[in-house]
Each structure stands twice: as structure tokens, then as C-alpha cells.
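First the structure, which I've put down as C-alpha cells, then a few questions once you've had a look.
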Amino acid sequence: MGIHVNDVKQWLFKTNSRMQEEKAYLTALDQAIGDGDHGINMARGFQEVAIKLEKTAYTDIGSLLQDTGMVLLSKVGGASGPLFGTAFMKAAMVCKGKTEATTADLGAALQEAVNGIKLRGKAEVGSKTMLDVWEPVAQYVQEHAEQLSWSALNDLARLSMEKTKEMEAKKGRAAYLGPRSVGHLDPGSVSTYYLMEALCTTMNRSGEPA
Amino acid sequence: MGIHVNDVKQWLFKTNSRMQEEKAYLTALDQAIGDGDHGINMARGFQEVAIKLEKTAYTDIGSLLQDTGMVLLSKVGGASGPLFGTAFMKAAMVCKGKTEATTADLGAALQEAVNGIKLRGKAEVGSKTMLDVWEPVAQYVQEHAEQLSWSALNDLARLSMEKTKEMEAKKGRAAYLGPRSVGHLDPGSVSTYYLMEALCTTMNRSGEPA
Amino acid sequence: MKKLVNHPEAVVREMLEGMVLAHPHIVKQVEGTTVLVRTHAPIQGKVGLVSGGGSGHEPSHAGFVGTGMLDGAVAGEVFTSPTPDQVLEAIKAVNGGKGVLLIIKNYSGDLMNFEMAGELAEAEGIPVRKVIVNDDVAVEDSLYTTGRRGIAGTIFVHKIAGALAESGASLEEVERVANKVIQQVRSMGMALTPCTIPAAGTPGFSIGENEMEIGMGIHGEPGIERIAIAPADDVATTLVNHVLEDMKLTSGDRVAVLINGLGGTPLMELYIVNRKVAALLQDQGIQIHDTYVGEYMTSLEMAGCSVTLLKLDDELTELLDAPAQTIAWKKERRNPSGDTRE
Amino acid sequence: MKKLVNHPEAVVREMLEGMVLAHPHIVKQVEGTTVLVRTHAPIQGKVGLVSGGGSGHEPSHAGFVGTGMLDGAVAGEVFTSPTPDQVLEAIKAVNGGKGVLLIIKNYSGDLMNFEMAGELAEAEGIPVRKVIVNDDVAVEDSLYTTGRRGIAGTIFVHKIAGALAESGASLEEVERVANKVIQQVRSMGMALTPCTIPAAGTPGFSIGENEMEIGMGIHGEPGIERIAIAPADDVATTLVNHVLEDMKLTSGDRVAVLINGLGGTPLMELYIVNRKVAALLQDQGIQIHDTYVGEYMTSLEMAGCSVTLLKLDDELTELLDAPAQTIAWKKERRNPSGDTRE
């Protein structure tokens, strides 16, 4: 069962809806251990992505993801802008020319995204950043490309996000808090979870993820 | 029954105590229709007067009042400083050279004080200023110099003070409020009442004013 | 009360010490007083300019002492006019033989204390003139009451009279130009939050969470109306309209604009206000010669702003643009040949 | 939320418009961007200096654009680093053929966005160097984490690198001196009250009525301790001690001092803090070359302050004292012969 360019579009529309819904929550998370703008940033960025996708017809997943990355890069700002932007632009290269992608393509694209985030942000897994969701998700998709369970992927994404609560931040603004960052979810991991959740919901045509 | 220089000293010590006790109340009154410093100003000024009088021996009421006026003039500031300062300095001239003053002297001194306040502040009776206590008190003392009842004088002073509540301010900071100044006591009239009350208490040796 | 202070009663003394320590090349303290004067005061052969008032309006007035503006500033207790002896000290310290001009904001207390000081100085043989600034159109101008308050427009009087004095003009000339500015300058303010006199410890008044006060004075004196919180553009429009109504400017007139912050309002918001003020003036064909945005006449930590317009003619323009080197108003001696004019 | 704004989402755009309207002789806006550059940018034959970051720190950074300081400033959303495309616009607009130096405050977001812009500019053939300011000693300096934040000390980098660039120095030279300042500058801040991002509508955190936060960052990032409200002298002592502990100054060293207000704290209190800071430095035999007191790097309407020390040598002294004509830092071209030095 392939991932059609229209699925990708739906995924990003759904992501935008989630970001709008969770704008205040993400901002509150960032108020606790950052500077309180993450929800505002994500909502602004994905709003612009939705506007761009709405008015453009795509047959190429690559160019859809490239546009998404460019919009995020130029509309989000902060730490999350270049990271989400880079992630999508790196993923775009893998999907270049494809109207329909396989789960193996998805795995490769996610891995490229992870590489981009690491190169740009210099964080490692365990630094309490969005990487703590991106990386396990990318790995899981690559390992289970043959028989991908979207609801299992969704669970994994949520679990990874929840795990950031107990981590001590080493990168990003929360790092200034040192040990006091423990006990709070990482805002960027939560927004990354919404992105992955939207992907799973879109692809899991049988309904909501468990 | 004359007013001895030591009575005058006691009067001003008592006035100082009252100003310290009522510092917050006077300030609150001034917060309502002014800038909220009247209690602070009066407490600072009379504190300095008390310090000055404590360390100086006086035989001349004139020089005691002159010193009081000078201290008030240089320590109070605002509108009340020059007015109270002028009042005491004008009163001092009448009492020059006297170790004991008559109630007639007191009447003349108060009248001089009133003249000074009017000249300096250009207010009239009814402008909702301290003059609305000073002037009736001065008048009453002059009219009843022969047989002055301190408790009656005290009542008159309090009544005059209370009357300012219904007046519309024409001078001082409360004048900016126009009709909205009605319904509030004039802070300077209240502090002037404390001054007069302290005088009556000091002189009314039979006890507290009724 | 959340303030960076030590003893609430010592704030003025400690602030003045901190100022002199920060800017010893601009100001010095007259010993034993609350008077700051230019480091090299008195300047011989120059009319001395003295202003002052209660503290809590920083940088007014000591922040405007220096070449091209004031010679001395007298600081009273917070929101309390300074006493005559202090003003007298300032007059004596800046008298360079050509007399002294007192720039007084129109409040009963300031008037009386400065007047008494002026009388004492004249008795000592120093020629003294005084001008009274009353730019606040929120207050009705009436002969029978106290009249209008002096607020942020006072800074333009300092600047322009200061520039003329610097050129060696006579006391009468400096007094004349100061009065000309006073005739041509109008302001109005508003507040979002109250402020707390340190020694009082509690706010002098309160403004509801969804309210603002239009026409607020710089000591928290009530304004003309308490309204629901409105967008910055509406606030700017209200203030400008009140000022224009009083000034009756016509298309082609030239003005200087001052968007003054009251202490707690960030520069970001002042610029948002300026955006609308500039648009409103442009709409009426009024030319903006120059705009000043920032804190000039504050009210402790009060949030809010005032808008001041000064109608310019050639004389006022030249003096406004003249050099000044003070703590809070710096203007180059000559326009640089480089890429900036100011 | 008590703010003089219109649409919370439009504050940055409207603020920039208000700034350009107020100071058209100093700054202009690069069309369609949130970039302000000098009115006459690009200056041919001069290294271009670009700084920027999230908005809400006014007058940083656009207030320091002008002769002798920055060439361009990029404004992000409130507390949000600007995006690479905007930074790129700034680089292009100020490139006068000698390359561009990016002055970046050390935050993940700023670093990444400015870096990407730099890469894009280099791909277009513009030589770009970057320096990273990390003066905040409240944060542990560690290789394994994000490292120190950049706060008010950034202004000294603007000033000194700006002065050298103005003299026609090469990109490498300007980069060198900027890094020298970064080596020698240390700051620490504290806050009494929180601040509210307009689009968020509620304060980012809270501080108890009787508490203050020591080491607070300029975006409300938590500091090192939450303590009971203390007198200004104690606060000054804590901040200075932390800074000195890190700088290890010795008697005879010369410094510039910056007492920076965070937005809601009145000048009166900043001067009271300076009084103690100056005394502490004098106690240690440290010479104060010059002191700056006011709002340079704010945090919306937050109440609080930071103390910055810059250790000076002859080169830095001369560049610090050099002329500048910007909105928020004005320094005469030449010391006047009159009665003031500054």
C-alpha cells in the first residue's frame, strides 16, 4: 500500500489542524522550560504550509515536501524553523520525482530528515529535543518497512515523546535549566509527535490510531 | 491663661506624633484625589521639626515658630511645604520676643498665617484646600479671644475639615479632577485639622477635646 | 512592591549618587543638596537654565543637564516638588553672571517652591525669570483653577531654550523663546497601569484589568475618562485628536513629535503608537520635522504613553536641531557628512 | 494583557513601520522584509555588520543601526529568531563589497538561522563571517550543552566592531575585534516580574509577589535561583560577584559598565543599582572608564536589570569611545571643547 502524493498533502493538512488545536498547549510547554513561543511558531508555520499546499497542484512528493520545508524555514524561525525546514527539505530529495512512495522510501526519507536535524542542530538522541521522536520513528519505519503498522508507529512516536519528560536537556533553550528541565515534556518532541500522529492517522485508513 | 513657649513645643511634638500615626491615612486621602504623597510629606517634615525642637532651648515663641517654618519649608516640599512653612514663619513675626502669648496673640498669629497661605497659594476659602480649615480657625480664635473654648475650637476645626468633602477643588492637584473631587476629604485640610487638634489637646489641660 | 531599591526614603539620594557615578563628565552634585549641575558649572557669560520637580520622572530633569540644554536640575522627593532652599542652591550654582531662567511645570507645589527660591535669589542679586509649562490638554485651561499641568512637552522647552542660552543670548531672549515653545506645545497622556511611590509602598490608584485611563497625569492624577482597553491605533487617535483640537494646526504646518513612554511601556509599543500618530498627521497634511520616541518624562513604572506635538517655525526648528550633549538627549555638533542626519 | 498593540500577530511589522517613520534619516526598511538597514546602505568599501534576533528586546537591534555601529538588523517574531531568508536579505542589503559580519547571540535558533543565511550568502559570492556572543555567566559554559546565552554584552560587540568597520578595516580584522570583545565581556541579569509575548497573551512564567529570579535570561529563561526580594545593593552585589568570579579582574584593570534595564524597571532603580556596582568595583581597585545606564537589551515589559562588564585595553577603549549615530547610541564625532566629554 503506497503513500500517494495526495496522502502526503492530507497528512500535512491534518498536521496543520493539530498545530492550530494545540497552539496554546505547545506554547504552555515551552513557557515551562523555554521561551513560550513554540506553539505560536508551529501554528504560524503550518498555517502557511497549508495555504501553499492548497493553492498548488502536486504530482511529485519531492516538490511537495521541498515546498513544505521552504515554507517552514521561512515562516517558523526560532530553533524549530530551521530544523523542521531542513528535515522536510532533506526528505524531499529522497522522494524526488515520485508520485507514490513506498514505506521503504518513507524510511529513507525520515532517515535523511534525521541526518539533517543532527547536522544542523548538533544534538544527539537523549538531549531532550525533537530528535528524540524523529530518530526512533525513522528507525522503526526502516526496520518495519515490509509490514508497517501505522498504529504501532503512532504508539512508538507517542512513547518517545513521553520519554522526553524524564530527560535532562542538553540542547536548545531548556538546556539552560540543566537538571530542572527534568519532569517537563520537550515542546519540539510534542509537536513532532503531532506530525507523526497525523501521518499515522492519514495512512491508517481503517480509522484512528489505537 | 497664657500660651507658654513650652506649650508651643508640646503642641508641635504632639502634632508630629499625629502626623506619624496618620501618615498612611493622609497618603491614602491624597492617593484618591492627588498624587499620594501628603502623609509622607507631613510625616517627614514634622519629624524634622521635632528633631530641631528637641535639641534647641527656646524662650521666644517667635524663634521657635520661625525655626518650625524654616524646617517645614526645607523638608516638606510639594504644595504643603511652602504653605505650612509660610504659615509658621508669618505667625512667628507676631510672636517675636514673647515667652508667653495670649489668645489674642494666637488669633493675630493665625490671621497672619492665613494671609501668608493666601498670598502664596492664591486660593480662596471654598477652593477645597487647607485654607478651609486655617481660615475658620483663625477667625474663631480672633472672635473668641476673650473666652476661648479649646474643645469648641477643636470641634470647629474638625467640622471645617469635614466640610471639604463636599467641595469641588479649585486649587491644588485635586482641581484637575473638577467635579470628581467632590466626595473626598482634602488631605491638606485633614493634616491642618491634626495640627489644630494637637493645639487644642495641648491647651485644654482638662483632658482630651470632646 | 517590586522595586530595586534599598531604603524607600533614600531613593532620591541614592539615585543621584548613581547618576553622578555613571556620568561624571556631564553632571556633578552640588554638595549636600539634591541638585545636579553641569560638571563645569557655572558657565560664565551664559544664562543659566534650571528645572526640576519631584523625582520619579527620570530621565527628567537631571538627564537633560549638559551642553545645549539645562545647567542644573533640582530633584524633590518622589512626586514632591523640591524645596526653595534646594532650588536656590541650583540657581547659585549655575549663575554665570547673566541671570537664571527657571523652567517650572505648572503644579501648585512646583510654582510655590520655585517662586520662593527665585525671590531669595533676587534678594541675593541674581536676576531670575521663570516660565511655566502647561502643555497637558487633558486638563481644562482655566483662569479660576490651577490650569493645565506641565508634562512631557517640558523637554522641548529645555531643548530650545537651552540651545538659545548656549549661543550667549540674554535672559530676556531665552525667556521669550521658552514662552514661545510653551505657546506652541501640547501633549496628552494615557495609562494602562498605576505606579507606586517607594515610600508609600502601595499603588497610588488602580486601573481595572480591562481598563485604561485617558488623560492621566504624570503623578497618577486622574485623566478625563476611564475606558475599556482599546487597540493602540485607537489610543493614538484619541490622544492626537485631543491635541489637534486644541492646537488647531492646518495643512502645511510643521511639527516635532514626541512619543513619550511613562516607564513601564516597552519601546516596541511606543513605536506602534508612533506608526499611527505619523499616519494621522500625514492625513492632515501636517509635516513631521522630527520624531522622538522613548522615555523622556516618566511616572515611575507606570505603563502608558503621552503624545506631544510642537508646532515649529524657523527659529524653533534651528534651536531644536542644535547640538546637545546630555545624558538623555544627545545631538551632534554638526550634521555628519556620512550616512545619517541625526 | 495590558499592551499598546493592535493585532498581537502584527506587532513586529507595525513596530518596524513606526521606527522607520520616526527615524527616516537613520534607518530604512528593506522592502517586504523585517530588515532595517542604514538609510544609505550599502556603504561601499566597508564591511557590513548584521545582527538581529527575536523581537521584544528593543532598542536591540535596529536601534543600533547607523554610523559607527550596525549596518542592518533583522527582526524575528517576538522572542523567535528570524528566518534565514530574512537574514539573507539583510546580508545582501548591506554588502558593500568587503563582506559581512554576522553578530549572533548564542541561542540554538539564532545560530541555525544565521548560519543557514550565511551559507546562502556565500553561495551567492558574498564573504560572510560570524561571531557568537555568549556573555551570560548565569549559564554554565559547557561544550556538551548549548553553552552561555548572549545578552546585553552584545551591544558592546556592535559598538566596537562597528567602530572598526567604520574605519575601513577588513572583514578578518572586524571579526577579530568582535571576538576580542566577546572574550572580555560578561553579564548577568535578574528579574522581578515576568513578561507576556503578545501572541501568547499570558505571562511566560510567574514570580511570587515576594520573590525575584537571579540569572534570568532575556526571553524569560529561568535563572540560577529564585530568592526572596532583596535590597538593590544585595542584588547588585550578587550580579557583580558572579561576573567578577568569571572574569577574574585584578586591581588596576579598566572596564566599561552597562546597567541594562529589562523594560519595566525605571531609570531611577537602574541608577540605584549603578551606585552599588560602582562602589563594588572601586573597592576592588577596578577603574571604570565609562558607564551606560538605560535600556539596551530588554525583555518586553519585564522588570529587572542586568550588569555587564567589559574589560578594556587601549584598542577597545578607543573603539568604544568612537563616534556613533544610531537611534539608541549617539556619540559625538569629536569630543566637544565645551563642558562635557560625552
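Going in written order, the chains are labelled A, B, C and D, and every chain counts its residues from 1.
To be clear about the criterion, a residue touches a chain if its C-beta (ideal position, glycine included) is under 8 Å from a C-beta of that chain, and two chains touch if they have at least 3 such contacts.
On a predicted model such as this, the values are computed, not experimentally measured, just so you know.
J.: Of the other chains, whose C-alpha centre is the longest way from the centre of chain C?
T.: Here the answer is chain A, farthest from chain C.
J.: Between chain B and chain C, what's the gap in Å when you average each chain's C-alpha atoms?
T.: Each chain reduced to its C-alpha mean, chain B and chain C end up 33 Å apart.
J.: In angstrom, rounded to a whole number, how far apart do the mean CA points of chain B and chain D lie?
T.: Roughly 54 Å, centre to centre.
J.: Calculate how many whole Å lie between the centre of chain A and the centre of chain B, each centre taken as the average of the chain's C-alpha atoms.
T.: 75
J.: Hey, what residues on chain D touch two or more of the other chains?
T.: none
J.: Show the residues in chain A shared as contacts by 2 or more other chains, in ascending order.
T.: Touching at least two other chains: none.
J.: Touch graph of the chains shown: is it line, ring, star, complete or other?
T.: Looks like a simple chain-to-chain line, open at both ends.
J.: Which two-chain combinations touch?
T.: A-D, B-C, C-D
J.: For the complex, give me every residue of chain B touching chain C.
T.: Per the touch definition, chain B meets chain C at residues 27, 31-37, 40-41, 44, 73-83, 120-121, 169-173, 175-178, 180.
J.: Can you name the residues of chain C that touch chain D in the complex?
T.: Per the touch definition, chain C meets chain D at residues 2-6, 11, 14-19, 21-23, 25-26, 38-41, 43, 55-56, 58-59, 63, 66-67, 192-193, 209, 212, 229, 231-233, 235, 257, 259, 263-275, 278, 288, 291-293, 295, 298, 300-301, 303-305, 323, 325-326, 330-334, 336, 338-342.
J.: Tell me, which parts of chain C touch chain B in their complex?
T.: 9, 54, 76-86, 107-109, 112-113, 116, 139-140, 144-146, 149, 197, 199-200, 204-205, 217, 219-222
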